[in-house]
Each structure stands twice: as structure tokens, then as C-alpha cells.
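Everything on this sheet refers to the single structure shown next.
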Amino acid sequence: MRLADKSTTMQEALSGLGDGATVMVGGFGVPGTPFTLIRDLVRLGLRNLTVIKNDANETGMGIDHLLASGQVTRLITTHIGLNPRAIEMMNSGAIEVEFNAQGILAERIRAGGAGLGGILTDIGEETELTAGKPRIEIAGKRLVVETALRADVALIHAERADPFGNLRYVATARNFNPLMAMAADRVIAEAERIVPLGDLAGDDVHTPGPFVDHVVALGPLSEEYAVVRR
Amino acid sequence: MRLADKSTTMQEALSGLGDGATVMVGGFGVPGTPFTLIRDLVRLGLRNLTVIKNDANETGMGIDHLLASGQVTRLITTHIGLNPRAIEMMNSGAIEVEFNAQGILAERIRAGGAGLGGILTDIGEETELTAGKPRIEIAGKRLVVETALRADVALIHAERADPFGNLRYVATARNFNPLMAMAADRVIAEAERIVPLGDLAGDDVHTPGPFVDHVVALGPLSEEYAVVRR
Amino acid sequence: MVARAAREIAPGMVVNLGIGLPTKVVDHLDPDLSVCLHTENGLSGIGPTLPPECANSNLIDAGGAYVSTVPGSAFFDSAVSFALVRSGRLDLTMLGAFEVSQSGDLANWKIPGRFSPGAGGGIELAQKARRVVVLTTHTDRAGNPKLKDTCTLPITARGCVARIFTDMAVIDVTPAGFALIELAHGVSAAEVCAATGAALALPRGDIPTF
Amino acid sequence: MVARAAREIAPGMVVNLGIGLPTKVVDHLDPDLSVCLHTENGLSGIGPTLPPECANSNLIDAGGAYVSTVPGSAFFDSAVSFALVRSGRLDLTMLGAFEVSQSGDLANWKIPGRFSPGAGGGIELAQKARRVVVLTTHTDRAGNPKLKDTCTLPITARGCVARIFTDMAVIDVTPAGFALIELAHGVSAAEVCAATGAALALPRGDIPTF
């Protein structure tokens, strides 16, 4: 028994994706955002994408490139306050934005990754975020039904990967990455380093390889990965 | 800013627990079972306990001691096939046993730990395990509502801990421990080793310290921790 | 039959081998085969079976047997383990059975009044693995067929079984019911039919043996 | 007011400091205080604020500011981070506000037609922290009260706010409405009343100042 080698190129990993795809993108602000995979997705030129990401990055960075090129129809997110373009496109109707409470977005993605239909929560019960969502009464308590989210493809940034797709993240670059890495039909991880099988100890793996379809090695990191605007 | 020291003794950690408590116990078979904490719970002599544990261990080991001493009224579990006493007590009505699909037990505990009301799933939809549980239709699919589980106390076995309660598990001794370590009002971890603050790197922590109330150092491991019956 | 079942595993698959007969499949795998063996207590990448003196007491499979790892193994908690199963990342599971119906229903967790230790992870494996095959003796100890028109025992999951490996034959579950695929060496199609509790479609021409 | 708010943190607490004013509280904490600062993007154990040249680009708080760690810090994903918040492990959160009502309703995420970048993690912090306090200017830029009978903006969570720290006063939300607890140095109770858009109960005797 040996484990499969899933390392490939960006081009191969993304090939066959079509217009209208739903794309999950890891990252919270700069840390953990797969800037290189996003650049390749922009080059692919797909239209009508639904993007699921915690935030909209900042102008000129990350998924802002996808917004600028008009490839996004719908954004499922928690906060876009640092990207004026995203706010403007939302206000003008150029994109549809669905806001979620941050931890509920995390749980909806996790539910998708865990093969569940959804979760029950009282979060946002009295806010407009949950308007129109179904309710169910459990033990006398009214709970909101939050449905699971899955995507056609998830773009993941890892600090380290082995060829089987075992992933490890660093510091606050973990954020949504391990959740999204379970919740898509095709999971593509860009990794700062690909280490030989066995170098990542079993107890040190953050995302187990069976969830990951493709591993792509990054070259020297572009400037975006270290940008601070504040 | 420094982090609190939560290391204490078994006696202090368990003090104040009362009859009728709900107790989560980590472990899958031998690995990860907090045999020492269980022994101390037996000594405490509480009655009418509800125990939530993947399995019933084996005769003469782990929670079998709680069953033998008649302290358990109800067992929420997935499989008790290796403990004839548990099966006999179930059949004679001495204990009530609620069976769950294993991954659903894990998710119900996780939901409790995540402050959710429950999860929606199609698992066991057509089996008697889900008989009587509420259903909800989401996007044309009938799903079972599985409610969250929480406990008054969770007994956890970790390989390593620091004084703040950051925990790390080893190999298949992880199993239900990290889930239960989030899902109880009082979380007590026994640890094979307590290392100084900072020795467990932030990226290597399996259970973050804020979830843990008490850390107890184990002496040399008793024979139970290495027993094999098969 | 165990060796035959082992050939069911294709390169690149993630596979869960259920408790009992299926666990023995691991000893029949080509050491060079690219396969990831999963066990629901939290390990991807089970390695070859170890002699007891090499065992690590923290390293067991869901059946409680000591296992080894391979380079690239990963450990995870029980929620992640079943997330993998339910979200479609398990290509194949091999399970034991009390009964299989001709529509692929599986009963393998409870015999009312006699055997009811709980279903463990069996329901999720049966319901969610991309392909479910069963390894079982063709009949029970009393000689009664385990392959039947309909299951009489409480079911584990409906319509889940694709293929059955027994000591007598390899049988597929098709939309039209059971179909004989291969015969065990020295067993006749007539004997298999007689030991099967439902109609069994025979292939045209020679029937391969294993 | 930030220094005063810092005194709200008791030894042993797990605390989340929201974006904006609350973040500055970290610089007013006794380095020897036993406290665990949590940030919702996945860190328990924030350390002292770093000069920019010492920053680690993978180590930010939820507001995007570079942070440091302390011995015993832990990193986790966004689901675990909010599990901690929702399951009651967060003893205290300090949040900014657009409006607070006398029944403790908080509005801090949306100004219809003008400001609607999304709520981020604010709803869960407001709804689930064991204690929610607000740090805000007493009035908005136009001089209008932020403390009101009822919130006019879309609310974040109802009845969640226990205490409010402003540039003018410390005010508790009691079952009977707002109650003045402390005055900022040089501010009179009459000035606070005038700047507050709801009834304000005054304490008997001298009012402490900060």
C-alpha cells in the first residue's frame, strides 16, 4: 500500500471548470488567501461564478481581480468592508451579495464538507440576515435552518503539503481553508512547500489527504502574500 | 498578558459533580479512554449518571467499572458489542441504551460543542435508529433532525497538555476526545505529560485551551492503557 | 474469496474495510498498489498488518485490531473521519452482512432479540461510500441463504450494495436483481442458485472462476 | 475610556476585543494579567502589539492588524473559533456600536443605504459572549446620541449589552434601563444626560470618575 501522488500544475488542476461554477476561496484578509490560484482562475476567464469567501480582499488583490474582470455574479461572504469595488458593485447590482454571520458561514461550509444537510442555530434569529430562512422548533426553542454549502471547486492555500494532499497551515492563515478543503467536488491546494510523503507526521496534518484532489507547488511568493494596507 | 494555569488534582477537578450528571467520556476502544478519570469518577460514587461514549469498553475496563457499580442509568453510544455486561444490562432493563450512528454521535457532540441546536442528515433515515426523530424537508429532501448533545462534564485523555489546557492527542487515541472537549460545561483532561506553556506550538494544538477547565497530570500509566483483548 | 475481493480495489481508491472478513483483505493487497485505507476511528493510510510484538497501543482500527501506518498517513477525530465518508470521499467500502436483498438492501447490524450491540459506523459506510461491496459466507451457519428477495432483519441501508463476494460466487446487484458474475473454484452455478434465496441471473457462455 | 474599559477584564477571562476602539484595549492591559485574548480569525492568546517591522504576515487579528502571540497561544480554523464563542467559552467581548438601546439591543453592523459591508463575526460575539460591553463615543459625529430608547438601525443582537464605556461615562444597562456608573474626568452628570437619548438613572451620592 502506498499513497497516490496528486501533485500537478495549476493548469491541469483547474482544467475543465466551466462558466457558472461555484468556487470556494480560502483566506481571511491576506493570510491563507490562495493568490496564485485566484490569478490562474482569472486567466481562465470563466463567467457567472459564484464565489464563497469570508471577505472580498482589498482593491487590487485576491478575488478583487475576479470582481474587476466581471467574472463574478454572486458572492457569499461575511464582510466586504475593505473592498470599495465590491461594495460599489453590490450597490449598483453588478453582483449579488449574500451576507452570513461569520461563524455560520464557517458552519455551513463545514456541514457541506461533512455531508450534512445543514445546521440549526439561533444566531441572527432577530436580524435581517436570517429573513426568509426556514425555522424549526426544537425543545421549545425556535431555531434557524442554515443549509449546507458545497462548491464545484475549492481553492486552498497551505503552508506545507505532501504529494498525497495532506495539508498543514500556519498561524491565522488557517481560517476557512480546512473547512473549504472538505466541501468541494474538486479541492485544489497551492502549497508553499511540497515535502516528501512521511515528512508531515500523521498527528501534524490539518487537512487529511483524502479530501484533496490536486496539490500545486508555489514558486517564490508574489508580493500579494505579504501585503499590508493598514 | 499570560495564560492561566489550570493544572489541578483529580479530586478538585471532579469536586461538586452531583447525582444525575451527564458525563462524556473520550476514547474508541482502549486508545484515548481516560481510564484514570473514570476510576476517580467511580470512587466518587455518583448515581443515575448518563454516560455518552462511543463504546462500553470491555469487561473490567473503563466505563465497565461504572456499569458494574450500578452508577449508570443511561448510555448514549454507537456500539457495545465488546462488553457483554453492557448488553446484558441493556437487555434486562438495568440501563437504557440509546444507539446512534457513529458519525452522527460525533456530529451531535460537535454541534453541542459548537453552540448549535443540531444538525440535519439523511443518515439512518430508513432505520429504526431515527424512529421518532423529527424530520424537515429541505430543497425537496427529507432530513432527520439530530439534536446537539452537551454534558455536565467531559473526561478527556490527552497525550500532552500545557497548563492552560492546550491539548494534543496521539494516533487513533484522538477519536471523540477533541469533540467532547468542546461540549461540556466542565472539561477535565488527564494528560500523559504536562509541558511548560509555549512547548506546544500554536499550530500543533488539537484542542485549544479556552475549551478546557482542568488539566490533571497522570502518573505512570496503569495496565489498562495498553491492554489488548483480541 | 478474500483474495478475489482484494482485486476489486483499483489504484488511487480510498477504501474502508469493515470489521470481520473485510479486514482480512489488507493482507491480499499488492504492497505497491496505490490505495489509501481508511478506518473510521480516525486514520487514513493503514499499512500492512503487524505482528503483535510490534503493535502500538494507540494505533488500532475500528475493529480494535492493531494496525500500522504508511508514509503519508494522517490521524483525525471521529467527526472528520465520518465527514470523509458522508461527503463522498470514500470510493469503496467492503462490509459484512447478515442479509442482502436483490435490490441491494443491506442488513448487518441487528438481529432482534439476539444480537444488538449497535450499528457503529456501519450505517454511514453503507449509505455513503461511493461503492459498497459485501463479503460474506453465502449462507448462515444453519445453511439458510443470506441473499434474499427482501431483508427480514432491520436494515442498515437500502439499495446500497453493488456486489457480493461469497465463498461460492461473485454476484452483482443489478436493476433486475442478483446476477452471477463468477464462481468459486469447484462450485457449480446450480449450487449457487440453490443456496441463494432469490432469482439469480446467469451469464451467457462460460462463467469465470476464482 | 479605553484604559477604563481595560479594567473590566478580570483574571482568567477569555476575551474578544472587537474591531476599532476595543482593539486598543490590549495596550492598556497589565502584562502580568492572566487573560486569554481571542480573535475570531483563529487565535487564542494574542500578545502585545508589535511594531510593524516585527510583524508576521500570517499573524493578524480579525481587524487585519498584525498581532503577536504569548506562550501557550493556539491557532484554529474559523469553525472552531466560533464554536468557542457560541458554546459559552468567551467570558467577555468588547464591541463598537452605532446605537445601543436602553434594553441592551445593539446595532453595529449596518446603516441602510450608506454602510453595509456585512456583519462579520459581530452577531455571534454580541449574541453569545457571556458578557458584552460596548466601547463607543457617546454621540455620533453629528452630535446625536448613540444611546437611545430603541435602536433605529438594523440590530446586531437584542438585549445583549451589559455595560457601555464612552468618552463621557460608564453606563450600565439594567432591567430599568440605562444607569450612570462613572463619569469621565471633567464631565458632569447633566452633560451625560443631555447627550443620552433615553432616561438615565443617576446613582445616589458621589459619582466616581475615571
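Going by the order they are written in, the chains are A, B, C and D; count residues from 1 in each one.
One rule holds in what follows: a contact is a pair of C-beta atoms (placed from the backbone, for glycine too) under 8 Å apart; a residue touches a chain by one contact, two chains touch by 3 or more.
Small disclaimer: the values here were computed from a predicted structure and weren't measured.
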Task: Separation of mean Cα positions, chain C and chain A [Å, integer] - done: 35
Task: Inter-chain centre distance, chain C versus chain D - centres from mean C-alpha coordinates, in Å - done: 56
TODO: Report the inter-chain centroid distance for chain B and chain C in whole angstrom, where each centroid is the mean of the CA atoms.
DONE: 29
- [ ] Find every residue in chain B that makes contact with two or more other chains and list them.
- [x] 107, 110, 114-116, 121-122, 169-171, 174, 202-203
Task: Numbers and ranges of chain D residues touching at least 2 other chains - done: 43, 75-76, 79, 82-83, 85-86, 128
Open item on the list: Testing understanding: with touching defined as stated, what is the shape of the graph linking the protein chains, line, ring, star, complete or other?
Closed with: other
Task: Set of all touching chain pairs, with the criterion as stated earlier - done: A-B, A-C, A-D, B-C, B-D
Task: Interface residues, chain A side, partner chain D - complex - done: 28-32, 54, 77-82, 87, 90, 97, 99, 101-107, 109-110, 121-124, 126-129, 159, 169-179, 225-226, 228-230
Task: Residues on chain C engaged by chain A in the complex (per definition of touch) - done: 11-12, 14, 26, 29, 31-38, 43-48, 69-76, 79-80, 82-90, 128
Open item on the list: Residue numbers of chain A touching chain C in their complex, please.
Closed with: 1-4, 110, 112-116, 162-164, 166, 182-183, 196-198, 200, 202-203, 205, 208-211
- [ ] Flag every residue of chain A that touches chain B in the complex, lowest number first.
- [x] 107, 111, 114-122, 134, 136, 138-139, 141, 143, 145, 147, 168-171, 174, 202-204
TODO: Write out the stretch or stretches of chain C touching chain B in their complex.
DONE: 39-43, 52, 55-62, 64-66, 75-79, 81-83, 85-86, 116-121, 123-124, 127-128, 154-158
